[in-house]
Every structure is written in C-alpha cells, then in structure tokens.
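Attaching a single structure in structure tokens format; questions to follow.
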Amino acid sequence: MSWVHLMIVLPLLFAVFIPLLYKAFPRIHTGWFVLVVPVLIFGYLATYLPMLANGGTAIYEIPWIPYLDINFTVFVDGLGLIFALIISGIGALVVIYSIYYLSKAREALHNFYVYLMMFMGAMLGVVLSDNMIVLYLFWELTSISSFLLIAYWYQRKQSRFGAQKAMLITVLGGFAMLASIIMIHNITGTFSIREVIAQSDLLVQHDLFLPAMLLLLLGAFTKSAQFPFHIWLPDAMEAPTPISAYLHSATMVKAGIYLVARFTPAFGGTPEWFWIVTFVGLFTLIWGSLNAVKQRDLKALLAFSTISQLGLIMSLLGMGSAALYFNPGDQGVQLHAYAVLAAVFHLINHSTFKGSLFMVVGIVDHETGTRDMRKLGGLMTIMPVSFTLAVIGSLSMAGLPPFNGFISKEMFFTGTLSAASLDIFNMSTYGAIIPVVAWIASVFTFIYSIILVYKTFLGKYQPERLEKKAHEAPLGMLIPPSILGFLVLAIFFFPNVVGDYALKPMVASIIPSAAGVFDDYAISWWHGFEPELFMTMAVVAVGLILFATLNRWIGLYNHMPQWMHLNNWFKHGLSGMERGSHKVIDWHMTGYIRDYLMYIFITIILIVGGSYFLLTDFTLYTENLASISLFEIVLALVLLGSTVLVMATRSRLTAVVSVGVLGYVVALFFIILRAPDLALTQLAIETVSVALYLLCFYHLPKLKGRSEEEGEKFKIGNFIVALGIGSLVTLLALSVNGYNLFEPISVYYGDSYDLAGAANMVNAILADFRGFDTFLEIVVVAIAGLGVYALVRLRLEKRGGTDESQ
Amino acid sequence: MFDLILLISLLLISFAILVALYRVYKGPSMPDRIIALDSIGINLIALIAVFSIYMRSTAYLEAILLLGILAFIGTIAFSKFIERGVAIERKHD
Amino acid sequence: MEILMSILIGVLVTAGTYLVMSRSLLRIILGTAVIGHGALLLLLTTAGLKEGAPPITNIEALSYADPLPQALILTAIVINFATTGFFLVLAYRAYKELGTDDMDKLRGIDDE
Amino acid sequence: MNNIIILLLLIPLLTGVLLIFLRNRISAQRWLSILSLLAVGVIAAIIIQRVLNEGTMTLNLGGWEPPYGIVLVADMFAMLLVFTTVIVGICCLLYGFRTIGEERERYYFYTFIQFLLVGVMGSFLTGDLFNLFVFFEVMLLSSYVLIALGGKKVQLRESIKYVLVNIVSSMMFLIAIAYLYGMLGTLNFAHMAIRVSEAGQDGLLTTVAIFLMLVFSLKAALLMYFWLPGSYGAPPMAIAALFAALLTKVGIYSIFRVFSVVFPHQPEITHQLLAWLGILTMIIGAIGAVAHWSLRKILAYNVVVAVGFMIAGFAVFTTTAIAGSVFYLIHDMFVKALLFLLGGVMIGLTGTDKLREMSGMIRNHASLGWMFFIAALALAGVPPLSGFIGKLLVLQGAIGEGFYIIAAVGLITSLMVLYSVIKIFINGFWGENQLTVEDEKMSTKGTLLPSAILTVIVIGMGLGAEFVNVYIMEAAEVINNPSLYIDAVMPNGE
Amino acid sequence: MKVNDVILQTVTKIVVFIIFTFAFYLFFAGHHDTGGGFIGGLMAASALVLLYLSYDIDTISKAIPINYRTLIGVGVSVSMLTGLGSILLGFPFLSHTFEYVDFPFFGEIELATSVLFEFGVLFTVVGGTLTIILSISEDV
Amino acid sequence: MNESMIEIIVSILVLIGVALALISAFGLIRLPDVYTRSHAATKSATLGVLVTIIGAFLFFGLSEGVYSVRLILGIVFVFLTAPVAGHLICRAAYRSGVSLAEESVQDDLEPILGSEEERRAHNKERHHRSS
C-alpha cells in the first residue's frame, strides 16, 4: 500500500460518503466537499514531477490475486503521471465548474458526484496501473461510469440511447482488449506491462502477435473514438457539459491514446503497428474535421472536433513508433520520436483548449438555453469574458499563434513530413499522402474553429429565438475555463516548462530508446521559414476563403450517400440484430412441445448415431446367448401386438388397456427372466397405473383417431425420428451385449445371506447394500404423494391476487 | 414329456389371453372389455402357476395371489366406475 | 434371447417415442410409460440374461440371475410410477383448468 | 468413516419430513427451514475446511465398501457446489417468505424446497451412477411439484412441457445406465474409471459415453435448452431463481464429473464435441437473450448462455480452464439467483414482465436498481465482480490451447448478454417514473435482503478472489487429476 | 336408483383380511424370499383401496382415522431414523445389523434392522399411494 | 408317490385347467352379448384356474414337500372373489344400459330398472353430474 494507491482509491472511497454528505448538508452544494479530492490528488502527484524530470520512476505493489499474477501494481512514470495530473487537474476545474452548472435544488447531485468520483478513480487507475488485468478493470470502470454519466438525465430518451451506445462500443473494445491481454499473457507469461515490454522481441515474433495487436488496438480505438468507432462520441454529448468537458474531451477518450502510447514499446517498430495506428488516426482526423463543419449543435461540433484531434494525436503516435525500428543512437530515433513529442504535446494542449471550449459552450447553453448555432449569434457584447475564452480556445484549436495549439500543430506538420520521407515500411510509395491529408484536415479544423466563434458570438443577436435572456455567467463558472485559457497562452510562451517536466519524461516512456535524445532540445514557436510555416499560412488562407464561401458549398454535405452515415449502421445493426434474433427464436421456439422433443431426438440420433457409425464397427454377437423358447416368442408377439395397438388405436380406453397389457407382458418377461420381485412389483404397479389413467382420463374428450380429418394422422416424420431412436437403442444394445470384458460386481451379492442376513439378494441390495437408493425412492414417492395432493387441492387461479408470477 | 405338456399348456393359455385381448380391443361395450380383462387376469394366474411348475420354482407363487387380488380390485373399480361414474365415492347415496 | 429382447426394446422405444410426440396428453403419458418399459427391459437385458435361478439363495442353484439390475429396476419402477402418477394428475389438472388435452393448444407463446 | 457428510442430506430431509407434520404452523415452517439450511451451511463449511486440509472425504453408506455399496464423495468440487447451493437456497427462501404466499406455504412449499435441495446436493455428493439417477429424480420430482404448485394456467401449461422433457431425459438416463452397467458391470464412478482405463476407452464405450453426455446435456440445457425458457417463466420467482441457480448446474456438474473421472481418455472426441455444444449453446442463448423484451425470457436465456460457457471452458480441459469453469459455475449460481430475485421484485412492483411497460423504477427503488446493475455487470464478466475471474481463466485456457473460437464466441456473447441485461436496466429503471408507491403491486419490504446478501457475495467473490481461489484451484485439481478421486473412493484399488 | 352393495361389502370384509395377511406375509418374506417393503405396502394399500371401493371415503375415514399425508411423513422418518441410529452408534449411515435370537416357542428368529427400514418403506408407500388415489377420487 | 405318478396327476389337472381356459376363451369370442360372455369368462375360467392352481399345489407339495400357504390362500381368494366380480360387472353392464343379445327371450329386470334407453340416459346423466 502506498500513497499512490491511496490516491487511486481515494475517489472511490470518497464516493461512498457522497450520498451521506448530500443528505447531511442539504444547504451546501455537494461539489464543495468533492472538490477536496482532485485537489489533494493533484497536489500529491505533483510532488513526483521533480523525480520524473530526473528520469526516475516509482513502483508500488499491493497483492490482489497473486495466485493468478494479478496484483494492484502502480507504476509512476512520465506517461502515467502526466495523464494522472491532467485527470486530477482538469477534474478539479470541472468540479468547480459543475458547482455552478448544476443546480443544487433540482439535480440529484449525489448521483452525479458519485459517478464522477468513480470515473476519476477509474481513470487514475487506468493510467497508473502496471498490471494489465487491473488496467482492464479500471478501463471497464471508466466505460461504466461514462455510461452512467451520459445518462445522468435518464428521463431523456436520447441520453439513454447515447449511454447505451457508448457502453456497447467501449465495452466491445474492452472485451477485445481483454482477449489481447490474455494472448499477451500466454506469450510472455506475465500481466505486468513493464515485463511485457521487456519481452517485446518474443511478442513480436509470436504467431499471435498480429491478433493480439489488432485486438488491443480495437480497445484503444473504440475508447478514443477512432474511425469507425467514433459514432458513440457525438451521442455522448447528451451528458451534462462538465462531463463532456471532462470525460469526452480531456480524459476518458484519451485512455485509448494512453493505451497505444503505453504499448508502443511493446508493439511499435513493426510495420503493422505503424500503418494501422497512423492511418486510422489520419482518417479519423480528416473524417472528424469534415463532419465537424456541418454540425449545427455546438457540442456536436466540439465532439467531432475532438474526434478529429484524437485522430491527430493517434496518427502522431503511429508515425513516432517508427523510431523504435531503429537502434538507439540512430538518427532515425530522434527524427521520428519527434512525432511522439508532438503527440504528447498536442495531447496536453488539446486538454487545455478543448476543456475551456467545452466549458464556454456549457456557459452559452446554460445562459441562453440552447446550443443551436442557428439560434445563437451576437453574444460577444453580452458575454465578453466567454467570448474571449472562446477565441483563445478556438484559435489554439485552429493552430494559430500565440496559442499553444500553434506549436503542436507545427510539430505535427514536421512529424508528417518526416514520416513521408521514411524509407521503411513501404513508406516510399505512399508516404506522400500523409502531409497532404494532414493539411486538408487542418484546413477544415481552421474552418470549424472559426465557425464556432463566429456563429456564436458574432453575427446577429436573436433574443427572440433563445429560451432565456442571455447574460454573462457567474464568476465561479468562468474561473475554470479562464484557468485553462491562461494555460493555453502560458504554454505558448513557456513551452519548455511543460517540455522538461512533462513531455520529455513522457517520450522517454513511450520510446525508451529516445530517453536521452531530447535532453538538449528546446521547444520554441519559431523555427524560421520552414515548410511547416508555409503550410500553416496556406491553411489560414484557404481556410478563410472557404469560410467566406461557406454557404455555397455546405450543401454538398446533403449529398453524402446514406451509407456513409455510420450512425445508421449502428442503429440498423442493433435493431437488425434484435429482429434477426427474434426471427431465429420464433422460427424454432414454437411453443409446441412436439417440436422440442423432435429437436432433442434428432440431436440424439445425429450425435450418438454419428459417433456409433464413426467409432464402432457393428458385429452381431451370437455367442453365449440365452436360449429362446416358443413361449417367449408368443409373449414377444403379444408385446408387439399391444404396442402396435397403443399406437394405432383411436380409442382412449383401448390405448390405456393396451398399455396395461404391455405392462403385464413385461411382468411376464420379468418372470421368465428370473426376476420374481420385479414381476410382483410390476404387476401391482401396472394395475394401479392403469386405474389412475382411467380415473384421470375418463372425462377427457375422445381421443382423436387417425381417420378423423383433424385428428392425429399418422405422422411419417415423427415415426421416422422415433424409429431412429428405437433403432439406435437396439443397435447399441446389441453391441453392448457382445461386450463382456468385466465380471459384474453383483457376484459379491451372492453371499448376501452371510453379509446382510437376507437370502433374497435383490431385497438385500434394496434394503442394505443400496439401501440409500431405496430410501431416496420413498422420498420420491413421498414427494409425488404430497405433490399430487397439493396439485389437486391448491388452486390459485381462481383467487387472482398479486402473485408476481403472472 | 411332462415339460412338453407344460410348455404346450403355457402356449395354450397364452393363446387364451390373446383371444381375450381381441375382446378387449373389439368391445363393443365397456363391460365387455372388463370381462375380458378379468379373464386375462385369471388366465395370467394359471399361466404363472404352470410356469412355476415348469421352472420347478416356488419363487413365483406370490404372484398368483397378487394377481388374484389385483384382478379383483381392478374389476370392482371398473364396474363401479361404469355404473356410477366414480370409483371411490365421497359418500354413499 | 438377447437379440430378441434388443429388438423388442427397440420396438418399445420407437413406439414410446412416437407416442410422446403426439398431440393428445394421454397418448404422451402412455408414451412415457412405454419407453419406460423399454428402458427397464434394457437394463435387465444388457446385464446378461443368465439361465440361472432367481437371485434367492434359498433356492439351490448353480448360478443365479444378476440381482443388481433387478434391484435397480425395482427402484426405477417405483420412481417411474411416482413420476407417472404425478404427471397424470398434472395432465388432468391442466385439462380441467385449460380445457384441452391437445398439446398444440398449449403452446403459450405470449410474446411481445 | 465420515458420517458428517450424510448430515448434509439428512438435515434437510429430516426438516422436510418434519414440516409435513407442521403443515399449518407457517412461522414454525419458515424458521425450521432456514435453520436447517443454516446448519447445513455450517457443516458444509466445516467439511470444506477438512477437505482442504486432509483431502477428499468419502462415506461408504451402510458400511459397504465401494463398489458394492453406495459411496458419498465429498471432494472440493462437490463441496463448493454444495455450499453454494445452501447459500442460494437460503436467499431464495428468504425471498420466498415475503412473496410465496400463505397458500403455497400451507401446501408443503418448504418441504418441497428442502427435498429439492437434497436432490441437488445429493447429486453433487454421490459417487454412484445409479444413485445419481435417483438423486436426479428426487430433485426433478420436487421441481415438478414446485413449478406447478399453485395450479395457475401458465404453470400448468409450462410444467407439462417441463415434466415431459425431463421424463424423457430420465428414460434416456436409464437407458444409458443400462448400457454402462452392461459393459462395465459396475456403477461406482471410481470403479468405472478403473475399468474404463483398464479396457481402454474404445469406440463403443465412447459412444455410450456420448449418449450419457447428451442425457446430462438435456438436464443442463446444453444445446437442448428448448424446455428451459418457458418453464423458468412459469413459477413464482423465488422458485424460478432456485431453478435457474441450481437445476442446470446439476447437469453441468455431472458432465464435469463423468468426463473427468470416467471418460477422460478420448478428449479429442468427447471434449471436442462438448466444446462445440458449448459454443452453439452460447450463441443460441445470446440470440435468445437479445431477441426478447420480456424480463423472464431474457433472464432465462442468460441461463443458457452461461451453460454453454462453462461447458466450453471444461472442454478445453486444462487446469486453468477447468478452474475458470468451476469459478464461473459458482459465480453463476449466485448471480443467476440474484438476477432472478431482483427480476422478481421488478415484476412484483410493476405487475408485468414486459420491459416496454416498465420505466423509471430507480426513482423510488434506488437500491434495487443498483443491485441489478451490479448483477448485470457481474453477469457480463466485468471486473472486479465475480464473473470476471472465471471468464478470465476460461479464456486464458481456451486461447492457450488454441480454442480461439471459444474465446471469440465467449466474448461476443458476453457483449450480447450485457446488452440484454442493460436493456432491462435502461428500460426498467431509467426513463420517466410511471409508478407511484401506491400503484405498486407488491411491497419491497424484506424482499431486498436476500438480494443484498447475494450482491455482497458477488462483489466479494471478485475482490476476494485470492481467498476463493485456494478452494477453486483445489477443486480444479481434483477434476483435472481423476486419480485423486479414484484413490479416495477406492484406496485399495479393485 | 338405489345401489345395493351388500354382496360386495360382505365379501370385502373377508377378502380384506386375506389381503392384509398376504401383505404382511410379503413384507416379512421379503427378507429371504420374494417380497419386501414396497410390494407389501402396495398390497396393504390395495386392501385399503378395496375398502374405499366397497364403502365410501367418509365411512372408511371414520373407521380408519389415518391422515395418509402424515403417514408419508412417518414412513420417511422411520426409515431415516433407522439410519440415524447407526450414526449414533458410530457406524456409517444406514448400516444394518442382524442377529439370530432364540425365542422360546418360536425357535430361532432373525432380527434385522433392515426390517425396521422396510417398515418405513411400507408406510410411505401406503401413504403415498392412497394420497394419490384419494386426492384424485375426491376431485373427480 | 413316485415322480411319474405326480407328473401324470399334475399334467391331467393342468390340462383340464387349460382346456377350461380355452373353452372360456372360445366363449368370449363366440357368445353374443356381455351377459353370456361373462358367463363364459367368470365361471369356466375360474374353474380352470382353480384346477391349475391345485395342480401346482400338488406338484410342489408332493414332489418338493413344500405345501405352500400362498397357494391355498390363492385358491380361497379366487374362489371367493370371482363370482362377486362377475356379478358386479353384469350389474354394471345392465345398469349402464348395455343391450341384451337379440336372441334373448326375457328381461326380468326391465320392469324394475326401466328400459334400456332410460337406463342409458340415466347413466349418462349420472356421469355428467359427477364430473
């Protein structure tokens, strides 16, 4: 147990007390109590920063299931710690923000904060765990808490839908990841990520490498909303805005990024990893930015922009993984690790500007009652602070100076250019695509950033279309985005503070071979007139032109073919699955017991018959058989006759009597076969049974014979199945009769007189050797007796009542 | 010789049972069937008696009385059932 | 004898299986009884039909029939009886309550 | 001599009989039935500890040496299941107190429950094939009565199907016993195992073994699950929960037992077959669970999915996978009982089992909702709940042995299962609240206690997996190493 | 249409005794010969059924005031208690013992605990069978 | 008594019994209505079985020295019950309105119990009421 463990568990533990606090202090907004937690965690974790800057790491372990090599191990290194700081830092801001956003009077605050704390703990767990199973545990917990938070307003149908969608997709990824973890474990024999990384060579050479990698990436891509799994993120915007800001832009969606970064040392350096991560990222980048432009809901726009930005970071990680291909010290390492540096830098920057943008949008929503850009406009004068913050955020997103987004965007271009020049992984042929795609995506990023500011704060003010009278938000709501806005600027001007304390340790974790290469490197926003700068200028120029002509070409989106709306795929897929399943079920679960029996018999015939024919060769054994006398043949004929009669007769009585006769003949067979006890019992039982049949069935309608139209026709299908079962039984019986390897144990009972004091062996077995069977047999009789009594006497149907069985 | 006689007897009794079965099947009325059943029961007794002689075994003698009892009770139950619709009455009328 | 018995058992099982798949409840119950007879006879048959005396040591004999299957069958007979009895009454009650003994009318697909 | 083992069966039997005499004293019936189960639970715990320390215990009933008499075998696997059975039984009883109604109680409800548990526990404990049949019958007959007890229309209709299928399967069981006795001349599992390995498991024996497998499959709802959804929907939930938790498990247990001890020699045939049966069962169960909008049906099909998963796990036949299966088996008993009991409360409150007619229950019944949520997650195998470890181990085994299809199907069906139960949660608990407290058809008073107990267990089994694992591994060891079992039963060999 | 059952009832009175005797014979014979608790129980039950057939439920219930459901319980408990006895004496459950005792007049008689066990079987069978038969008869 | 003597006596008894059984079977087929058939079934068959059982009794008594009480009881029992059973069936038949054979000359009970149709109707009503 260490303090770091405590930090992870603290939010979870605290969650237990939230409902109590909520009840105990109805006057104080519960958020104030909650605020303590992230602040504490941030404060404590920040003390590890110096250690990181010196290149150190820390490990603490609590045994959980050591038997299965599952331990709660936390591993503090650059990657994990910076993520944890983002989580707790932005967490604190979000809590402050939520205190003003969520009304104390109307909302179920305890639920909200419980989920939030659950999420925070889970997220910290994800980024700090070293054990993959524990990582998976927290991973699923983030999906679950996100599910709960999205559906915080569970009365809304859209919220429920969004929550379900998010959960299904992320849990699908989680399961894939679990499979991958298990494969990795089977290859390396460990659940510890550090040890897996140490055995990277083994992993990469194994047959299961590709499936394990794909499944792992599936987990990461679903969580980080990469194409085509991004569809859950726009629907997740049904969550309260603080949640969107926190989970769906700053933290949870970055868990996938984290995962890719974390496993880069293990899987990276292979062409498959490079290609998949890079191109899925790039495609997501462009897909997201293209779609963001057409959105009319502010949050939807932000959602697609988040998707796009996540794609950007993902692709950078992919490009950077090429560094692992080279040996430490090669020039390629630094060249390509630069992309990773850009990735983590943009990751941090994205958290700041996107967080503040979400909060601003939340403010707009909160104060005007709508997020629809068609209704908004001209809020600049009414909400000046918000406007300023929005401008800072948007321009940073668009990649303009003097904001931190500019630096990381420039680094992104550098990364794409260096990736394009790569001469491994077949990049020489396709590499040129990368910078082109990146540039186009940046243009659209620029456009939607402008749209965001312009449509909301500039243009015409339309008070009549707003639900509320707009005014500036309270101070408390403005503080968190202001802090983030301040950071956006601060990072631009002092990038190396972040660089030394955060980025370099992170890169060291992701590309261990690049541990020292950036030591002397300083990030700066000015590199001179390099291609990157021209690319940016072109982005601005083209972007402005396109924005000015927006109304001319925005209609193009309406011509998007239906199949490209992936949302429909999900919807139709889900309902299709349900309908298809229903069809399958309806088709065979007919409710007719006859059908069920038919399936059962056919299964038996196929499987047992099949194995009989495949596994045994039939021979008819004729040795050591008991003799047959004429008399027995006559009995057999009687038996046959009465059997046929049971099947053939249309009279119920005849059927019953025939069965009775059958029973008697069986008793006679028992006599012939030297079983007097059986014969007696069989005779008695048969008589009672026949009497019972008649007693019960005297009043039933006439048994329909086969000659009647609707009656029981002779069903040839049924008969064939029945014949199949019968023949199977006979065949097996014949084979079994020839199988005489062992002496039956019953020889022992020959001494029953001496052993049990009974001359009748059967009785000795019944009462003594296997007395327990007999004892249970009378229990069965007892149950049947009481059961019949209860069945006849107890009739709840007439009474109606509130039995939950109906 | 003795065994042959017994065997033939067994066959003949079986035949008698078959004949009675025909009556059970044919009917036409319920009482006809019951009579046939009763005679099957009785023939069965004879069958078992002969069989135990044939087997030289007294192990089956219980079956004789048992069958007698069952046949009797069965017949009574059936006849009451036909006559009154119930075999066991709640209260005599 | 074993071969004869095996075939008879096959016939019984066939008939029982066929009956079990009929529409009328009574025939179904009779079907279970018929299969039951088959199963019991099978138990006796597979154990080997010895030409010995009944398994009672009072009877002097060189060999006895295998007593164990007999004991098992006895138990099984009783259990079958109890089950059949219950099933019958269940069918009877169902008939009275639901007004039919036709299994096709007892589907009970009451879905959404 | 370990007479303590028989107490596990005798106490409920005695109680069941005693309750016949106390027919009209309902509170006495309740107390006695709970006390009896508590006592059995304590005894089971004692035995488990002893088995852990001293190894498998056996009791030769009547003092007859196996294979001549009947032997009860308390190995770790059986005892864990017995212990679980008792706990599930207690919870269902507690729920029954509130919901089952005085009429049923007067008509020997508790007696039947006790006998049912005897049948279930006996099936776990017995070391004799025919005795297993008899215990099956004790269990089945009790279940017949319980499913029909009350005589409502649905109950009668569905119980006929249930009874019929089970009678047919009992007949098949008898036929299988006939073959096995005919071939091996013995009934004791251990003795059968000795003889099978002596003779070598040839084609005929394997065929007969497969016949037996199908008999058990029918009871376990493995592939032949057709009877299950309807019949689990008919009786009151206290009974349905007990069924869902216990009945199919007996079939599964039997498959585990027979195909590890007696017929382990041809895994490429028998276990391969089991694997495919398991896979098909998972798929079809998941399809059923997804298809329905009726609470009872969804839960019932979930029973089927779990059966497939456990069997598939067993079919992998490595220590890891078997341990996973055993873990999952125990987890499933708890979680199915929990889900059915919670479902019972939901149905009780709303008076319907149609999801489309439910809504917003979390407003007034938060604890109910959260317990359901936890149960749903446990069912899907989300860590750190009880379903996870079992799933993990099974997948580990499956992937390790190259059974990728099992792993893939297992995971995909888990997702479908999650979808189906979350559907219940979303529709039943979220949305506008339609019911005021007055509208509700049943009070939740006292009905949540058993669910709470089970929830704690479900969470505890996951978090405390290390503690549980000691026992699970021991159980898996016994299954994987049949000679342990055989030596315990017949220390002197044949 | 008054029904006269005098003939039947008269014969029944005699026959029932024969059946009962036979039932007890079968019961005790079971140890060494064909018979046993189960078949004995069935015979005893059939004697009772005969009584119910010839008379009616009310009359017989008055004459033989047995609650058959209780009888089931008694039967199962008797069997169980014989088993419990062996536990108390430190033998495995359901261990039986037998002894040959020389009684004056009767000669050597075997006393076996399994007979006690079989008594339980007999009671249960009588109780169970009659519960079933009477439940149905009363309902029809 | 020597073996063959016993065997001869027993054979004769058994054969008589079997003959009677066959005759009654013949009657069961050939006779025209319930009442006459019952005549064949209950009387001659009973006699047949009694003779056969006595044969068995003698066989075991004389050749093996086992005088079986069960057989005596059996004889007594069949002797006692067979007529009652026959009586009850015939009564049931008559009361439920089974018709006499066409050859029948006289029906003494008709004035007391009503005509066939009346009895049948009555019987039907009775069944109806009791169900």
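A, B, C, D, E and F are the chain letters, set down in written order, and residue numbers restart from 1 in every chain.
The definition used in the following text is that contacts are C-beta pairs under 8 Å (C-beta built on N, C-alpha and C of every residue); 3 or more make two chains touch, one makes a residue touch a chain.
From a predicted model like this one, the values you see are computed outputs, not experimental measurements.
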Inset, instruction - Starting at subunit B, figure out the least number of steps needed to reach subunit E through touching chains. - result: 1
Inset, instruction - Moving only from a chain to one it touches, give the least number of moves from subunit C to subunit D. - result: 1
Inset, instruction - Determine the set of chains touching subunit B that also touch subunit C. - result: A, E
Inset, instruction - Determine, using the mean of C-alpha atoms as each chain's centre, which chain is farthest from subunit D. - result: F
Inset, instruction - Please work out which of A-E and A-C is bridged by more C-beta pairs in contact, and write that pair. - result: A-C
Legend entry - Central chain (by mean CA position): D
Inset, instruction - Express in whole angstrom the distance between the two chain centres, defined as the mean CA positions of subunit B and subunit F. - result: 9
Legend entry - Chain centre separation in whole Å, for subunit E relative to subunit D (CA means): 37
Inset, instruction - Take the average of all CA coordinates in subunit A, do the same for subunit F, and state the distance between these two points in whole angstrom. - result: 79
Legend entry - Centroid distance [mean C-alpha coordinates] between subunit B and subunit A, Å: 71
Inset, instruction - Would you give the residues of subunit F that are in contact with at least 2 other chains, written as numbers and ranges? - result: 70, 73, 77, 81, 84, 88, 95, 130-131
Legend entry - Junction residues of subunit C - those touching two or more other chains: 13, 16, 20, 25, 38, 40, 42, 45-48, 53-54, 56, 58, 68-69, 72, 74-75, 78-79, 82-83, 85-86, 89-93, 97, 103, 106, 108
Legend entry - Junction residues of subunit D, two or more chains touched: 13, 17, 20, 61-62, 130, 134, 137, 141, 144-145, 148, 151, 153-154, 160-161, 164, 168, 175, 178-179, 181-183, 187, 230, 292
Legend entry - subunit F - residues contacting subunit B, complex: 7, 10-11, 14-15, 17-18, 21-22, 24-26, 28-29, 34, 37-38, 41-42, 45-46, 48-49, 52-53, 55-56, 59-60, 64, 66, 68, 70-71, 73-74, 77-78, 81-82, 84-86, 88-93, 95-96, 98, 123, 126-127, 129-131
Legend entry - Partner subunit F, residues of subunit E touching it in the complex: 1, 7-8, 11, 14-15, 18, 21-22, 25, 140
Legend entry - Parts of subunit C lying in touch with subunit E, wherever the complex brings them together: 54, 56, 58, 74, 78, 82, 85, 89, 92
Legend entry - Residue numbers on subunit F that touch subunit E, as the complex places them: 69-70, 73, 76-77, 80-81, 84, 87-88, 95, 113, 122, 130-131
Inset, instruction - Using the touch definition up top, name the residues of subunit E that touch subunit D in the complex. - result: 69-70, 72-73, 76-77, 80, 83-84, 87, 90-96
